[in-house]
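So, here come the structures, one by one.
Two complexes are shown next, each including chain A; its partner changes from chain B in the first to chain C in the second.
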Partner chain A sequence: MAKEVMSGWTRVGNVSRGVSSVIRECIFGVLRVGPIPNHIAFIMDGNRRYDKKQNPGGAAVSGGHDAAFWALVAMVMYCYELGVKYVTAYAFSIDNFKRKSEDVQILMDSMLRKFDLLEKVAIHFAIRVHFAGNLGPFNNEFRVSAMKLMEATAGYSNSLLTICVAYTSRDEILHAIEESCEQKCIDHVREINSDGDHIIKLMDLEKNMYMAVAPDPDIIIRTEGENRLSNFLLWQSCGSHLCSMSVLWPEIELWNLVLAILNFQKHKPYLERKKKEKQV
Partner chain B sequence: MDFSRKKRMLRFWTDKIGNILLRMSWHLLHAIIYLCYFTTGMVHALESHLISRGLLRRYKSLHISKINYLAIVIESEDACRTSNVIQLLQWVVALGINHICLYDNEGILKKSKDLILDKFDGAILFQDTHEDNILLDQPCMTLEFVSFSDGKEAVARAANVLLMKYIKSGATGSNQGEQIFTDSQMSEALKTVGSGGPEPDLILIYGPARCHLGFPAWRMRYTEIQHMGPLKSMEYGSLIKAIYRFTTVRQNYGK
Partner chain C sequence: MLSLRFAVPTANTLIPTKTKPKSGLVVQTGWKQTGLSSSPPKRYDYKLQAATTDITDGRASVEDKEVELPAGLSRELMPKHVAVIMDGNGRWARQRELPTSAGHEAGVKSLREMVELCGQWGIQVLTVFAFSSENWIRPKVEVNFLLSLFERALKSEMESFGRSGIRISVIGDSSKLPASLLSLINEVEETTKNNTRLQLIVAVSYSGKYDVIQACRSIAERVKDGQIQLEDIDEGLIEQELETNCTEYPYPDLLIRTSGELRVSNFLLWQLAYTELFFTQELWPDFGKEDFVEALSSYQQRQRRYGGRHS
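Take a look at the complex of A and B:
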């Protein structure tokens, strides 16, 4: 575990200092000539395949998930330096509970170990951390640690990192409807007519979404070459540029992000026009 | 004072030259990206031509049975090209896919639905009062026309259907975090408001960008999404390649 942490910090250290830092600032300076996305979302796919690559024929270990964490930290740092205000990562889907219980436990333990490290990174860069999803199925220790991390970073407003755990879009939509129903019942129980005609409006649902803390993503990046959203940000992705990369998530590099942003800049005028048409 | 003025002038010109260099670098980067896409596009066009001629063996047999329901998202500006839309549908039907959903953001295809349906003998309009399973078993062609109003707005209308159920159940508004509604209840509510329908296995996006333009969120959980480029540049070979690629995908569904 200590070796993995050192390897992770080395990756982060290489990110944050030296010649690579100067080169990166030059690249970011060029990118900033064009529009910079306000919100980038990541579907972090490929961790188990990375694990099998590093550990062929071995039992399930958490190496892939640990490497995934450091890849996320690197991406968050790049986005922070570039001026991307919102970053969202799909860490754990409700559907992932269907995996073998030992695999789920390994993933949970891996995430729990990372909370302290994530808190250090978030405080260093003044990034607020928010967990989106239904934390109910997790054990008390996980829930308490997640709440503690959110409280420790609640005061930061420059950047937001949203980590989706026990999240699916369908669950998010149902949750928003349930919250809206409860609010309408509490507020207007005497005013609801027998038809219940259009009492819940679209904006009621929007404000009760787990992802109401951030604007819709400009780019959704999925690794491992897959071309689907897998129940992630389906509601929020109407105007998002969808980007699929063949690289495995733990192996994602700066140039992958730069390429995604260049593609976004190329299509930005079109996506902006579509957004304005929807508002009209 | 003369020195500070010179310093300001130097700074001004340094910034100006720096900005010009940055802009030139940005345009150069984008020119390189454009050239890469152009080259890739030429290669794809050639491959598509070879596939259309049946010269690439691996594309000759497609496991079409893997596609129960196909959705085609068309950029609204292209949706008025009805002849292109009809041609595309003819290709899809010729490949053996009979159940198709056509989506465009502004509902332009909905206005052309009679014209499109006339071109296909025996094609019926998808009625969401039908059971999805029964419909998909039918051999005849079904066409569904969907727009943005069948997405988020439909969910809001369905939410009101669920609200009435919630009130009738005598709920007090303090359920303390328990789940009240299920996926199937929501799917039923969407059918009630006229926006039900099966989840497509594959979405083909015909437009300038890889963006689903608001396709109903409830219906695309595990749907593969492939970007095909603008409708005016559509090619039969690209369609076959996209379907072939879909049939080789393996999904874990979260497991």
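Take a look at the complex of A and C:
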């Protein structure tokens, strides 16, 4: 475990100093000529295959998820430097509870170990951390740690990292519908909005979404080569540029991110034209 | 490992518990009246389906023979439900210095070919995104042209739908449609409701968010009326209220988008949770059998996990 932490900090160290940071600033300077996405979301796929690559024939270890964490930290740092204000990561889906219990436990333990590290990174870069999803299925220790991390970073407003845990988009929409229906029923009983406006509107649903803290993502990046959303940000992804890359998540590098942004910039004019048409 | 190991979860099939009266929107633009006896385009290199049609009691039945699939495709791995965002008609026309209407006409030919292929290859449901709720802001001339084209095409193809065993369903917000078109849609849906070879769902004036909101409003009404309690609201209830409750297979297995845009653009929002996405640079009027085979081939090679994990 200590070896993995050292490896992770080495990766972070390489991100933050040295020749690589100079080269990176040059690259980012070129990227800034075009539109920079305000929000990038990641579907972090490929940890298991990475684990098998590192431990062929061996039992499942936490290496895949630990390496995944450091990959996320690196991506968050790159995004922060570039000026991407919002980053969202799909860490754990409600559907993942269908996996073998030992796999689920490995992931839970890995996430729990990372809260302190994540807090250090977030405070260093003044990034607010938010957990989106239904934390109910998690044990008390997990919930308390997550709340503590959110409270410790609540004061930062420049950047937001949203980590989706025990999340699916359908569950999010269901939750928003429940809240909206309940509110309308309460209004009806109290005879608020006496003009009879009990009709649920778009804004009623959107304000009750777990992801109401952030605007819709400009780009959704999925690793491991899969081309589907897997119940992630269905509501918010209507206009998102979808990017599938074959690299495994723990192996994602700066150039993967740069290519995704370049691709986004190439398609942006089409989206802008559509937005202008709406405004006419 | 092939995705066939994992049965489509029961959540992907839906037995509607209620049928809402459908006053949907019809898209079909410029369908040509070519019957089954007409010569096929040259690019069809497989055996044509031989069909006999009996009309009894006003219903058409089609007896189909097995059609040989293109090399590389497996009938067992065929998606049950394919959805298509038919993008690129306008660009296709501009490239050829033609009016936009010509692009829509050409797009209809592509759609017709795809409908035939779906019917022959065992695909049960084809949903096409013909007109988004956001498309109403297009120039009035273009919108009026599309609506009139829809109406004419629907009238001309009604008999053909019966012969081909195609059931037509229309989803979307019908409040902006002309009354004559609405009436025609109802007639077509009623006339074809017992056809079973292929269900063609046409999304017109459709928005995935609107679909969820109207489902939410229906649920809220039922709560207000005391039919259900708040705690009864679950994903199953939402599924039943979405406009795709008109089909047994409401969730597309495969979504194809043409013209190179890499986004879903508010199409079938809830329904696309686990859908395999396939994007192609081809403009919709140029999308043909070879492109469809490529999309299906890509789909059949994918592993569908639904959040789980292969052992």
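Throughout what follows, the second predicted complex is superposed on the first by the 265 of 280 C-alpha atoms of A that agree within 3 Å, B and C clash if a C-alpha of one lies under 4 Å from a C-alpha of the other, contacts with A are read in each partner's own complex, and residues count from 1 in each chain.
One rule holds in what follows: a residue touches a chain if its C-beta (ideal position, glycine included) is under 8 Å from a C-beta of that chain, and two chains touch if they have at least 3 such contacts.
Everything quoted here is computed from the prediction, not taken from an experiment.
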| item | value |
| --- | --- |
| When chain B and chain C are modelled together on chain A, clash or fit | clash |
| Chain B versus chain C as contact partner of A:169, first or second or both or neither | both |
| First (chain B), second (chain C), both or neither touched by A:112 | neither |
| First, second, both or neither for A:247, with chain B first and chain C second | neither |
| First, second, both or neither for A:235, with chain B first and chain C second | both |
| Comparing the two partners chain B and chain C, which touches a greater set of residues in chain A | B |
| A:30 touches, of chain B and chain C: first, second, both or neither? | first |
| Partner chain in contact with A:212 - chain B first, chain C second, else both or neither | neither |
| Chain A positions touched by chain B in one structure and by chain C in the second | 93-96, 98-99, 168-170, 173-174, 177-178, 180-182, 184-185, 198-202, 205, 226-231, 234-235, 237-243, 263, 267, 270-271, 274, 277-278 |
| Chain B contact footprint on chain A (complex, rising order) | 29-34, 93-99, 136, 168-170, 173-174, 177-178, 180-186, 189, 192, 196-202, 204-205, 226-231, 234-235, 237-243, 259, 262-263, 265-267, 270-271, 274, 277-278 |
| Touching residues on chain B, where the partner in the complex is chain A | 22-23, 25-26, 29-30, 33-34, 105-106, 148, 151-153, 155-160, 162-164, 166-167, 171-175, 177, 179-183, 186, 208-214, 217-218, 220-227, 249, 251, 253-255 |
| Chain A-facing residues of chain C, complex | 134, 137-138, 208-209, 212-213, 215-217, 219-220, 223-224, 230, 233-235, 238, 261-266, 269-270, 272-279, 302, 306-309 |
| Residues of chain A that touch chain C when the two form their complex | 48, 93-96, 98-100, 103, 168-171, 173-174, 177-178, 180-182, 184-185, 188, 198-202, 205, 226-231, 234-235, 237-243, 263, 267, 270-271, 274, 277-278, 280 |
